[in-house]
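Each of the next two complexes has subunit A plus one more chain, namely subunit B in the first and subunit C in the second.
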Partner chain A sequence: MAATFFGEVVKTPCRAGTEDEEEEEEGRRETPEDREVRRQLARKREVRLLRRQTKTSLDVSLLEKYPCSKFIIAIGNNAVAFLSSFVMSSGVWEEVGCAKLWNEWCRTTDTTHLSPAEAFCVFYHLKSNPSVFGSCPKKSMQVTVLTCRHVTDYKTSEPTSSLRTPFLKALKTQSFRESPCCSLLEQPNIVHDLPAAVLGYCQVWKIPAVLYLCYTDVMKLDLITVEAFKPVLSSRSLKGLVKNIPQSTEILKKLMTTNEIQSNIYT
Partner chain B sequence: MFIPCGDSAPDLAGFTFLMPAVSVGNVGQLAIDLIISTLNMCKIGYFYTDCLVPMVGNNPYATAEEDSTELSINAEVYALPSKKLVALQLRSIFIKYKSKSFCEKLLSWVKSSDCAKVVVLSSSHSYQRNDLQLRSTPFRYLLTPSIQKSVQNKIQSLNWEEMEKSPCIPEIDDSEFCVRVPGGGITKTLYDKGCSKGIPMAVLLKFVSEGDNIPDALGLVEYLNEWLQIIKPRCDDPTESALPWKMPSSWRLLFGSGLPPALF
Partner chain C sequence: MASRYDRAITVFSPDGHLFQVEYAQEAVKKGSTAVGIRGTDIVVLGVEKKSVAKLQDERTVRKICALDDHVCMAFAGLTADARVVINRARVECQSHKLTVEDPVTVEYITRFIATLKQKYTQSNGRRPFGISALIVGFDDDGIPRLYQTDPSGTYHAWKANAIGRSAKTVREFLEKNYTEDAIANDNEAIKLAIRALLEVVQSGGKNIELAIIRRNQPLKMFSAKEIELQVNEIEKEKEEAEKKKSKKTA
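Moving on to the complex of A and B:
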């Protein structure tokens, strides 16, 4: 409880996130209809793997159908733009599936015209090189995750305003033997959400994995932020996948212009 | 589920299992951090679950450059075989409606590991105290029936206060009385399941408010230490002035980054 300046007493959120009493009360008042609604909501929120064009489910797990030695994941618009312009523009990539997910925060309904700014998950496999999403057993698979975070999330004894953004930091699992192409993320900094879920899984199951995290002060699609990922091109996972860097930079610039929203307060 | 770091699952028979409840002020978790850091406990495995928000970071107990690059996840298990202690650390909050399932899975594993007893470190909202609680010590304990026989005498000799029962539904005047731990997260669920499954479990908690809860965590570990004596009690050596508990290196910058000089 906390008292506000105006003298009202309000319930303050607890940073330990304890909604235990609310959950207990809900449990007491819950009817079979409530339970059914909750079950249906949980089913609606399940992640489904499909072939995008036909919208049919993939009947086996993606890695069983397309075992690979290099699994690269880009999360967020800038990371996706980097992967699209630099990696996927070199070579022919074939779409092998997508992950469909829904939750109460989803606003996008159009699944056919995707740009790096949309929140979706599409899986691609390199046609010319079967070892990337190819035919090697899972044990020798290496995972690379690319994502961005706002620089205010970065904790340091220096004031945040003195940091030169964007900058790259890495986190790696114990089985990842290579040196990452930037410095490691120091304590007490941590990572949450999907990148953390992927890295956590890899750490527990001893899969070599590395997360490259770009701290930036621009969260929308931005050329400088995307280019901050360039050091990753020298890593073992991405080496050999990028053929023509100047061409990729041009593709990136074109991507930026097509996504620029007219910033005009009168429209 | 428990996944060992090495090739085989360690033998935890007869060990004391320490764990936090994610509760107000995160006091239980801070206390477990102090225990793991002070005793230099070694990581023996992960409690891999989808019930907690995912989170990763580098070794929170790093003391030097060499050991700072080991990745840590949201639920990890540490052990000190010489003192027959095993500790579970939880580093993120529960996903809504998944806390009960987590308690089920955890307690089944603890039971099958044949641990001698479970000690849950927790906290409760200090603003929910009644008049009597306001005037007494802020520490409380709870024991499940299966542990009572073996520890009751020791607890009584320490003059500890048992957690009082309060109205189950506070808004109703003639409501029944039961054990409630407001702000305690999974504490009540763990305690109830501990009672029903016959698990020897003790809950140690402190009434706290959120803020800088480091002193509360230090208080809670000292309280635990009165009973379990995991480190030499301070009163034995009157010349001992320094804190016997070692704060982990990850406790830096708890309240954010450095301040911009322009502010002043």
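Moving on to the complex of A and C:
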């Protein structure tokens, strides 16, 4: 309590921290409207599984139909371009479903019409060898994660001007017995976001998993960055899946030209 | 922590970094590749042409610009910054000619550009220019020159160099292939520039622009057909070299 110049008595903020009184007051202050807003927000943030063509929702149990032997996840536009031009162009891949989610960091407030560029994940399985992932981890499954990171995030004692970008680094779980097709990620570098979550999950559930991280200085869709993933084609998980490399390179070039965003800032 | 020392240009970090200058060098890497080669009687500038939008007038998207009749430059980085630097350099070239009745030397105009860039690394409230430049030309003494400047305001003379995206790959190629034979005559020097660019250019000869200056001659820009001819010659030579190799191993 403090007295002001004008003689009123005001409550001063307590420097000892929040008092219990204040917390009760806060609870009392929450109106039914606040609760409704919070409920709506929680509903908006739900992860939804659906079939894109029919726009009907998909049951997780349907995805558990087939046992999964190889789960390959590509995160980021360069990794996705690599997977779609090299792996998915060989063989017939069927779209099984997709997952989309919205949260406050998305640039649009429209949760029903999210574009594939936003929080979206599409699941495909190879028609000739259906091996869609299942939600319960199977011991015989092998997970491969592909993603990109800007080279300025790479910590090394060597001068950064001597680094030859783009370059691949690998991180694997304990149960992954194969040797990865590039050198391992050295300390003190760490992996962030979704790739870290996937790898962490696999480590806990003893699933053999490997993450191939491409450090590049061009984060937008770039041919040289995508081609930096090529050594991964020799790994056991992708070996049987890629048939025609020259054709894939052509498909990749086409993808580049269609997705090129015109920008005049840099020449 | 980098973030506490990278806001204002005039602040050094505790370990002596000027982060804004280093970040400006990152901006340079966002521009497409440019390569410069100093031959015996020729200087060559080759650039990776940026893809032009359908409705855009191609003539107005240029990476190689003449500063005077005997000096030209290629840049990589922020387009608007390059325009300002080029305009200042062109005015300086004419001012020098009118004042001392002699055209600028390549080193003089490079030093002018580099000094301008350095001023912007030491001014309050200004950011550095986000461009690197390759400046080529012939002096009155007939000696070919190639200089490179960067956002920090340093400049050096080079025999061959590259700037922009994938500059490191191109520079390594040049280190291996810049030999006395490779610059023996003008045509070989031109081919070396194109071969260096083909290492990193995404769609081959269509996306390459080339300019040369020969002794006592003005700047010459190659047409698309001329570049295509050179590219075809290079591909033929490559095939022949590969055939020879396979014969030897057999």
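The criterion applied here is as follows: the second predicted complex is superposed on the first by the 203 of 267 C-alpha atoms of A that agree within 3 Å, B and C clash if a C-alpha of one lies under 4 Å from a C-alpha of the other, contacts with A are read in each partner's own complex, and residues count from 1 in each chain.
Methods note: contacts are C-beta pairs under 8 Å (C-beta built on N, C-alpha and C of every residue); 3 or more make two chains touch, one makes a residue touch a chain.
None of the values given here were measured: they were computed from a predicted structure.
Legend: residue contacts after superposition of the two complexes on their common chain; A:Q187 is shown touching subunit B, with no touch to subunit C.
In the superposed three-chain model, the partner touching more residues of subunit A is B, compared with the other of subunit B and subunit C.
Of the two partner chains, neither subunit B nor subunit C is touched by A:S234. Touch criterion not met for A:S140: it reaches neither subunit B nor subunit C.
Once chain A of one complex is fitted onto chain A of the other, the partner contacts of A:Q40 are absent, as it touches neither subunit B nor subunit C. Using the contact criterion defined above for the overlaid structures, shared-chain residue A:K253 touches subunit C, although it does not reach subunit B.
In the superposition on chain A, A:R164 makes contact with subunit C only, not with subunit B. In the superposed model, A:S179 lies in contact with neither subunit B nor subunit C.
With the contact threshold set out at the top, residues 161 of subunit A are in contact with subunit B in one structure and with subunit C in the other.
Against subunit C, in their complex, subunit A makes its touches with residues 152, 161, 164-165, 217-218, 223-224, 253, 256-257, 260, 262, 264-267. Across the complex, subunit A meets subunit B through its residues 1, 12, 14-21, 23-24, 38, 154-162, 171-174, 184-197, 199-200, 203-205, 211.
Of all the residues in subunit C, the ones that touch subunit A in their complex are 26-27, 29-32, 50-51, 53, 61, 63, 75-80, 82, 165-166, 168-169, 200, 202-203.
Every residue of subunit B that touches subunit A in the complex is listed here, in rising order: 3, 22-26, 46, 48, 53-60, 62, 68-71, 73-74, 91-94, 96-97, 99, 127, 182-186, 188-189, 210, 249-254, 256-262.
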